[in-house]
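Letters A, B, C, D and E mark the chains in the order given here, with residues in each chain numbered from 1 onward.
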Amino acid sequence: MRMLEVKNVSKFFGGLTAVNNVSLKVQKGEIFGLIGPNGAGKTTFFNMLTGIYSPNNGEIVLEDTMIQKLKPFQIARLGVSRTFQNIRLLGNETVAENVKIGMFRKTKSGLISAIMNSKSQQKEEKFVEEKVKQTLMEVGLEKYMDLNAGNLSYGNQRKVEIARALVSDPKLILLDEPCAGMNDTEVEEINFLVKRIRDNGTTVIIIEHNVPMLVVLCDNMAVLNHGEKIADGSPEKVTSDSAVVNAYIGSEEEEVI
Amino acid sequence: AEKSEGKEGSKDSKKNNQDAIKIGWFGPLTGPTSTDGQISLNASQLAVDQINENGGINGQKVEIISVDDQGKPQEAAKGVQKLMNSDKVAAVISGAYSGPTLAAASLVQKAGVPMIVSYAKHPEATKGGDYVSRMIYTSDVQAKALADYAVNDEELKTFAIVYMNIDYGIESQVALEKEISELGGNVLVSKSFNMGDTDFNSALSAVKEKKPDALFVVAYYNEGASIVSQARQMGLESRIIGIDGLDAPKYLELAGEHAEGTVISTSFYKADEREIVQNFVKAYKEKFNTELSITASQSYDAVLAIKDAIERSSTDREDIAKAINSTKDLEGTSGSITIDENHEVVKPIVFMKVENGEFKYLHSKTY
Amino acid sequence: MLTIKNLNVFYNQIHAVKDLNLELNKGEIVTLMGSNGAGKSSSLNAISGLIKFSGSILFNGDEINKLSPDQIVKKGIVMVPEGRRIFPKLTVLENLLLGAYTRNVTNNIKAKELEEIFELFPRLEERKRQLGGTMSGGEQQMLAIGRALMGKPKVLMLDEPSMGLAPIVVKDIYETIKKIKGQGLTILLVEQNAKKALSVADRAYVIENGQIKYHDEARNLLEQDVIQKAYLGG
Amino acid sequence: MIVEQLINGIALGFVYVLIALGLTMVYGVLKVLHFAHGVIYMVGAFSAMVGILYLNLSFIPALIFALVISGLVGVGIEKYAYRPLKDVHPITVLISGVGIAILLQNLFQIIFTSDSHAFPKTNIKVHSIDIFGIASLTNIKLYMIIIGLIVLAVLYLFLNFTKMGIAIQAVSQDRKAAALMGINVNRIVMVTFLLGSMLAALAGIITALNYNSLSPAMGDIPGLKAFCVVVLGGLGSIPGTVLGGLILGIAEALSTGYLEGMPIDTNAIAFILLVAILLIKPSGLFGKNIEKV
Amino acid sequence: MSLLDFINPYYIDILIFLVINILLGLGLNLTTGFAGQVSLGHAAFYGIGAYTSAILSANYGVNVWISMLIAVVVTFLLGALLGLPSLRLRDDFLAITTLGLGLVAHSFFNNSQLTGGAYGINSIPAPLFFGIEVENVGYLLFVVLALIAAIYIMRKITRSRIGRAWVTIREDETVAQSMGINTMYYKVLAFAIGAAFAGVAGALFAHKIYFVNADSFTFTTSATILSMIVIGGLGSIRGTLLGVTLLYTIPELFHIFDVGNLLNLNYLDNYKMILYGLLMVLVMRYSPKGLIDIKNIKTKKINPAVKSGDQNVGS
C-alpha cells in the first residue's frame, strides 16, 4: 500500500539544481532510508515533502492527496511530521511545552472558547497533557519534562524533537539525521526507537550518514547524488551498487579501523 | 522686603503668600518647541513680578504656576487639571501651540476657569464657550492685512506661498489665497512643508519656475530662515513677505544676509516708543539676558489682561471670565487691546521690514 | 606543551565542565571523547578563550587563562570549530587568508603557504573564487581545516570534524589529519565517532558529565570493555 | 525643472547614504538597529559649531575635531550601552539605544537649548552654479555629491582591499569564527562604530553648513529615514544602502516638486516606498535571505 | 495631602491616562512579547481607535458607546490588514516596516480631510450614562473595568492553544508551520488583537480629552510604549503593569511634587528625560528580560536535576 509517491520532482535555487527529477515510492509501514553525499539534496527533498519549499515541478502524493502545492501547516495536518537536521527546539520553553506544540494539529479550540474557557477546551488540554506525558515516557525523557529544552544535552534534545514529531500519531514521520553527533551507543537507542515507531504503525523516512545502521534498519533505501536519484531498492542492493560506493561510501571501508 | 520678594519670583513666593492670586501657565518647556514655551513663561513671569513690585492686584500678590505640556495635548490636559484643581488658579494662560491649547480649552470651559490663549491660532480654541479668549489676532485677520499690504500698497500681482503643515499654516494659506484673489492678485503655486524640515529645495525649485512677484513665507523662524536662505541661494529674486512667525531675533540670525528685505506682519515691535514697551524690553533683557519676540509680548499682555480683568471685577473665576471678555482699550505691549464678542482680540497689525539685519517699523493698521 | 588544570565551565546554573585536567605533548594527537553534552566543546571553547571559565591553562609553561581569543590564536593555538563556521559571503581564498590574519608575513610567503594548503586539498584550489557558503558540507570542512592551518598553529584543535559528513568525506578528512600530524603539529581532536578517533590518536581522554572518566593510550582504550559498551555500541 | 529636481534628490540622497552607511556597517557587525545613530549626526554638527565658535578653529580643523568627537561618542555608546548586552533579545539592545538617544538629545538641549542655531560663518561662501541653463544648484550641494562619491570609493577600497576591511566583513558574517581567526572582535566593532559615527557626523556637518541651521532634534527624522534606507537596501548591504538612499532622495524631491494635495506628506513617502519594495522583495533590494532549513 | 486631594480631577486624570497607557502596553506586549512580531508603530492603532470614535461621535453624532465599539472593531480589522506585511517580513525588517506604517499613519492623520488634517477633531462628546456625562471618577471606573476585561482576555488567550501557537511562531516560524500551525492566521490575529487593545485605549483617550490631533500618535508614542513593556518584561502581563506604571509615574511625580521649583532647575524636564533614558539603558543592562525578571539577577533558580549532573541518559 502506497504511503507516499513522488513523481519527477525538481527544485532549483537560482542557478543551482538541488533536486533533479526524482521519483520514488514509499509503502505504508516501512522504514525508508535516504542517503547521499553532503549537498546531494536530501534535506531539500524533506523540505518539499513538508511544504517548506514548493517543488519547481513534479508531483507529490500522500496516500491519495496531492500535496505539492499545500502549505506546511496543511501538510502537517494531513499527518506528516518531521525532525530537523539542526535541532530546532524552543530553548526557553520546557520539554513538555515543546512536545505539546506537536499536538497542535490535533486540537481545535479557537479564540472564543479560549476567552470563555469552555468545557471542550479544558478537555482538550487534559488530553494533550496526557498524550505528552505518554510520549515522553516512550522516549525516556519523562524526568526532564519540566526542564528548559535548551538546557538538555544534544542527544536528549534530538529525542525531544522526535517526541514532538511523534506525539500526534503521524502517518508519516521524517527524520533528518537523528543520529548526527551521537556515539554508537546512543545510535543504538535511536535505532530501537525508530523500530518502535514503525511497529506502532507510522511510516518512517530517515536520512542518515550512518550506513551500517541504515542497512540493518531499513526496508528500502534510495540514494541521491547531485540532486539525482542514483539508486534505490533493498539496502543490500543499494550499498553494493558501484555508483553508490564511488560517490558516497568509498571503497576501502575496512581500512580505517 | 517687598522688593526682594518680587525679585525672587515665584520660586518661594508660594510659601510666603498663602492667599496670593494664582495664575496657571502651561506650554512646552521640553521638546522641539520649548524655546517658545520658555520665552512665553519668562514674559508672563516678568509681568507678574512687575505687578508684585507695584503692590500686586488690589493689594494681593500674584503668582504664576507653570506646567510643561511637552507640546502634547494629553500633557496639557493633565497639566490644566492640575492647575485648576490642585493649584486652584484663578485663571490660566496658554503659552502653548494649538493642539495642547485645544485640549486644555475644552477642560477649562467645562470647569468654568478663564483662559487666555497667548499665541496659538487654532480657530476652534475660543469657540466652545465664554471662558477662553485670545491675545493674538486670528490667521484670517492677518491674511487680510498681508494681502492688503501686498496687493494694494505694493501693487504686486503674482504670488507663491510656502506654508507649514499645521493648523496655523493651513489656515493662513487658505485665507491668503482667498484675500489675494479677492483683491485681484494671483497665487501661482502653494507648497506645504513639515515642521522640522530642513531641505526646501524641491518646493522652492517649483516656486522659482513660476517667477512670482512675491513669496509668502508662512512659517516659524527656524524653517522660515531656511526657506528664505535656500530661496536666495538658488537665485529666487521675488519679494519675501512673511507672517508673524518670522518675528524673532533667531530669524535674523539664521537667515543672515538673506533676510534683508523681508516684510512681516506682527503685533509688536521693540522700537515702539510707548513707555510700556520700552519698560518691557529693558526689563526682559535685564532679567533673562536674551532677545525677546512676539511670543513674549503676547504672553506678557495676557497677564496684563488678567490683571485688568481682576481689577475690574473680583478673583472669582466667572467674574474674571466676564471681565476679560469685556476688555476694552487696554494698553499692552502689543498696542491697544480690545476683546470682541467672539472672544478674539482687536488690535493693530504692525508691518516691519528687515533692513541692515534689523526689523524696521513700516506702519501699523487695525483690521 | 599544553597543560590544563582544574578547568571548570558554567553556563548559568549548568556546570558543564568539572575539574578537568588534560595534558598535550608536542607532536601527538590526543582525542577527547564523550557522549553528547559531556562538555567536550565547552572545554575547547574555554581553551580558545571564547567562554568564561575557572582553572588554569598553561601553554609552554605560560599561563594563558586571561588572554582573549585573538591573543590565544597569536600564541599558536587554533581551533576548527564545531559546525565549521566558514565565512559564507567571503570567497574560499579570502577565507583562507583570514586564517593568517594575525601573522605579519609578506604576500610571497602567504602565496607559498597557500600552495601547501592547496596541495593538501586540491578541491579548494579549483574553487578558490567560490563563496564559502555555497560549498558542500565536506568542502566546507576542508576549508575550515585549511583556514586554521594558514595560522601556522602549534596546536590544532578539531571539534567533531566528521559530524554530518558522508562516509567518503570522513575518510578524506582523517587522511588529512594523519598527514598534518606527519608535519609535526600537535592535535587535540574531539570526536563522537570513537572508532575513527581512536584509530588516529596516540592518547585519549574520555569525558563524562564534564569530568574525565578514563585516560589511556588510544589502543588500550579501544579494547576496554566499558568503553566498548558506552561508546562503540557494544 | 526635472533635472534640477533630480539633482536636488541626488544631493539629498547622498546625505541619507552617508548616515545610512554607518548604520548598515553597525548592523553588519552587531546585528542591532542602532537607534542612537541619528543623535550622532546631531552631535557631529554641534561639535563642528563648538570647534569654530569656541575653539576658534577654522573649518577643516573644526570638521576633523567634530569627526573625532562624534566617533568617540559612537564608540562610547557601543562600549557602555551595547557591549554589556550579550546574548539578549535584539529588542533589548534597541531599547538601550533609544535610551541613549533620549539621554544625549536632552543633554544637548540643556547645553544648547532646543532652538535652532545658525552654523558659524566659515570662509565657504554659498553660491549657486548654473548648469547649461537647465538647472542650478548651490556649490555646497555639489560638494555633497562629490564628498558622497569620494566616501563611497574610499569605503569600498577599505572594506575589500585592506586587512581591517576584510576583518570587518568576517566579523559581520560570524563573530565567533572571526575570533578564532585571531581577530580582536571588540576592536573591529569599535572601529566600525568609529567609522560609522564619523560618516553620520559628516552628513550632519554638511547638512548644518548647507542649511545654516542645527538643533538638538535635527537627527530625528534623518535617523528614522536612514533606517528606512538601510532596510530598503537589504540590511547590511552597502550597495543596497547606496541605491536605497538615492532612490529615497529622488523620490522625495520629485514628490515635493510635482505632487499636490496628497493625504500624506513627504516624510511618509520614504516609508510608503519602503513598504512597497519590501512587499515585493522581503529582504530588501540587495538582501539575501537564504534560510537553510 | 488630604483625602479630598486624591479625588482631585488631576489625580483622577493621571490614573485614567495611566490605565490607557497600560491598555496600550498590553496590546503591544501581545503582538510583540507573546507573538514575537516586533512593532514600532503601535501608535498608529492608538490613533486609529481615537480618530474612529472621535469622528463618529463628534462629526456624525453616533452614540459614544457605539462609536467606541466600532473603533475597536475597526482597529481589529485594520490591525489585521496592517499586520499583513508580517507574513512576508521578519524581525528587523518587520520592525522598520511597522515603524514606517506608524509614520505613514501619523502623516495621514495630519493631512487627510477625514481626520480634520492639522486641525484635528474637536468637541468630542463624553459618553452618557443615563443622561449623565461620564467624567472623572466615573470615567476612571469605566477605564478600570476595561482594563480588567483586557487583562482577563489576555490571560485566557495567551494561556490557551493560541498562546502556544504564538510562542512557537515567536521562537521558530519554520517549526511552527511544520507542526500544523497556520502561521499566517496567528500572526495576523496577534496584530489584530494587539491593535484592538490599542483601539480601546485610543477610544478611551479621545473621549477623555475631547480633542484629538496627530500630535498624540507619533513615533515617540510608539517608542515610549515599547520601552515601557520591554523594561517591564516582554511576554509578561505583570511586567507590562509594572513597566508602564513605573515609567509613567516617575515623570508624573516630578510634576506632583513640583520638583522643578524645589530644586530651582531651569531644565527640569530635560533632566527628567535624561533620567528616563538612563533608566532604560540600566534596566536593559542589568536585567535584560525586564524588571519582572529582576529577582533573577541575584538568586538564580537552581535546578536540582541539572545540578546533580544526571542529564545524560545516553551514558
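The rule we apply is simple: a residue touches a chain if its C-beta (ideal position, glycine included) is under 8 Å from a C-beta of that chain, and two chains touch if they have at least 3 such contacts.
In UniProt terms, the chains line up like this: A, C = ABC transporter ATP-binding protein; D, E = Branched-chain amino acid ABC transporter permease.
All values derive from a computational prediction rather than experimental measurement.
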Other chains in touch with both chain B and chain E: D
Inter-chain pair with the most contacting C-beta pairs: D-E
Per Cα centroids, the chain farthest from chain A: B
Centre-of-Cα separation between chain C and chain A, whole angstrom: 31
Whole-Å gap between the CA centroids of chain A and chain D: 47
Geometric centre distance via CA averages, chain C-chain B, whole Å: 75
Touching two or more other chains - residues of chain B: 30, 34, 165
Set of chain E residues in contact with two or more other chains: 110-111, 174, 270, 273, 303, 306, 311-312, 314-315
Residue numbers of chain C (touch at least two other chains): 14, 35-38, 230
Chain E-touching residues of chain A, taken from the complex the two chains share: 50-52, 71-73, 76-77, 81-82, 84, 88, 90-93, 97, 100-102, 104-105, 107, 109-111, 113-117, 121, 124-125, 140-141, 143-144, 147, 151-153, 155-156, 159, 164, 168, 182-183, 185-186, 189
Interface residues, chain E side, partner chain B - complex: 5, 8-10, 13-14, 17, 110-111, 117-120, 122-123, 205, 208-213, 215-216, 255-256, 261, 264, 268-270, 272-273
Chain C - residues contacting chain D, complex: 48-50, 68-70, 73-74, 78-79, 81, 85-90, 94, 97-99, 101-102, 133, 147-148, 151
Residues of chain B that touch chain D when the two form their complex: 30-35, 38, 165, 191-194, 196-199, 201-203, 205-206, 209, 221-222, 225-226, 229-230, 233-235, 250, 253-256
Interface residues, chain A side, partner chain C - complex: 16, 36-39, 85, 151-156, 177, 180-188, 209, 211, 247-250, 252-253, 256-257
